[in-house]
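Heads up, the next two complexes both have chain A, just with different partners, chain B and then chain C.
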Partner chain A sequence: MKIGRVTGTVVSTIKYEDYRGFKLLKVRPIDLEGAFSGEEVVALDAANAGVGDTVLINNDGGSAQMVMGDKKLVASVTICGVVDHYTYCGKTTFTH
Partner chain B sequence: MNIGRVEGTVVCTIKTGSLEGLKLLVVRQIVNGQDKGLVIAADATRQAGRGDVVYMIGRKEAALMLDLKDPPPSDLTIAGIIDPETL
Partner chain C sequence: MQLARVIGSIVSTRKSDRLVGLKLLVAVPIDMDTMEEKGAPFITVDTVGAGEGEIIMWAGGSSSRQTDLTTSKPVDSAIIGIVDHVDIGGRRVYDKGAPAK
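Presenting the complex of A and B:
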């Protein structure tokens, strides 16, 4: 898992049938100093996140099935939590 | 899932059985707003065309998205098209 920041929403009328009803968000990983690192990806949202939120990103198909509660779902990146704060090197960072 | 823009099609007469009937597209990958080169992706929506901005799924899920029971050999599959007016 990584932490990332939601950078935008994805509106998609034509999509893989099983994604109907799911919320898709653009999310980009951040390092623990809060700077962007890595590639922006499109993720399925399971945590009711919004633009600007710091979130927990999971990049695994099996986990996606568990998070969404659908054993036949085909997905890779899911947002499975909204981060309140984290502590690293004795420094606590509040995200909102 | 990564984002890209469809730039062309691939026509392939001789191919392995389970790839039969699939639409293959040439996609320019866009990572963090920058061009990251061309890739070939199968189209699970069957509706993507030139100029469309799409998101693609990779690894094992690329094959499963096309067919759960008989997954064709795809390592990158278009999962959906981003509505152009929302870009």
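Presenting the complex of A and C:
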């Protein structure tokens, strides 16, 4: 998993049937200093996250099926947690 | 499997129900030749009781869901061992018990 920041919402009307009712968010990976790193992706939200939240990004299809509770779901990236704080090299960073 | 060093921990309250009870750590990949940190840090699930500063083995992908703690849990990497020492070509490149430089 990686950490990222939610940068926006995505709305799709015509979509794969199994996606109905799921919230889509735009999320961009960040490094531990909080700076953006890497490409922005669209993720399924399983943690009730909102724009500006620092989140756990899971980039695994099997995990996506588990976290969304659908064994046939075609998905890769999910947001599976909202980060409260993290500690590294003795420094604690609170994200909200 | 790959080597990494645990550099911290991460806390999340609002999360997928299936992640409840798992210990999340921050780790950074280790280059086997130099035993130096190389690459971007990542979040991984601890199954063996690893702590900050330790060099660990981790598995990624669906293999990470084969441990007792992570079965049917939405994880994409898991710490599956704490490294005691590494020998390459007859040379000890890492020893956990050795005094820190």
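The rule is simple: the second predicted complex is superposed on the first by the 96 of 96 C-alpha atoms of A that agree within 3 Å, B and C clash if a C-alpha of one lies under 4 Å from a C-alpha of the other, contacts with A are read in each partner's own complex, and residues count from 1 in each chain.
The rule is simple: a contact is a pair of C-beta atoms (placed from the backbone, for glycine too) under 8 Å apart; a residue touches a chain by one contact, two chains touch by 3 or more.
Here the structure is a predicted model, which means the values were calculated and not measured.
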Superposition on chain A - do chain B and chain C clash or fit: fit
Spatial angle chain C-chain A-chain B, Cα centroids [nearest 10 degrees]: 110
Partner chain(s) touched by A:51 [first = chain B, second = chain C, both, neither]: neither
Contacts of A:10 with chain B and chain C, given as first, second, both or neither: first
Partner chain(s) touched by A:63 [first = chain B, second = chain C, both, neither]: second
Chain A residues touched by each partner, larger count belonging to chain B or chain C: C
Least Cα gap, in Å, left between chain B and chain C after the two complexes are fitted on chain A: 13
Complex interface listing, chain C residues touching chain A: 7-16, 18-19, 24, 26, 40-44, 61-62, 65, 72-77
Residue ranges of chain B touching chain A (in the complex, touch as defined): 1-3, 31-33, 44-45, 47-48, 55, 57-61, 64-65, 68, 79-83, 86
Chain A to chain B touching residues, read off their complex: 9-16, 19, 24, 26, 28, 36, 39-43, 61, 72, 74-77
Chain A residues within the chain C interface of the complex: 1-3, 31-32, 37, 46-49, 56, 58-60, 62-64, 66-67, 78, 80-89
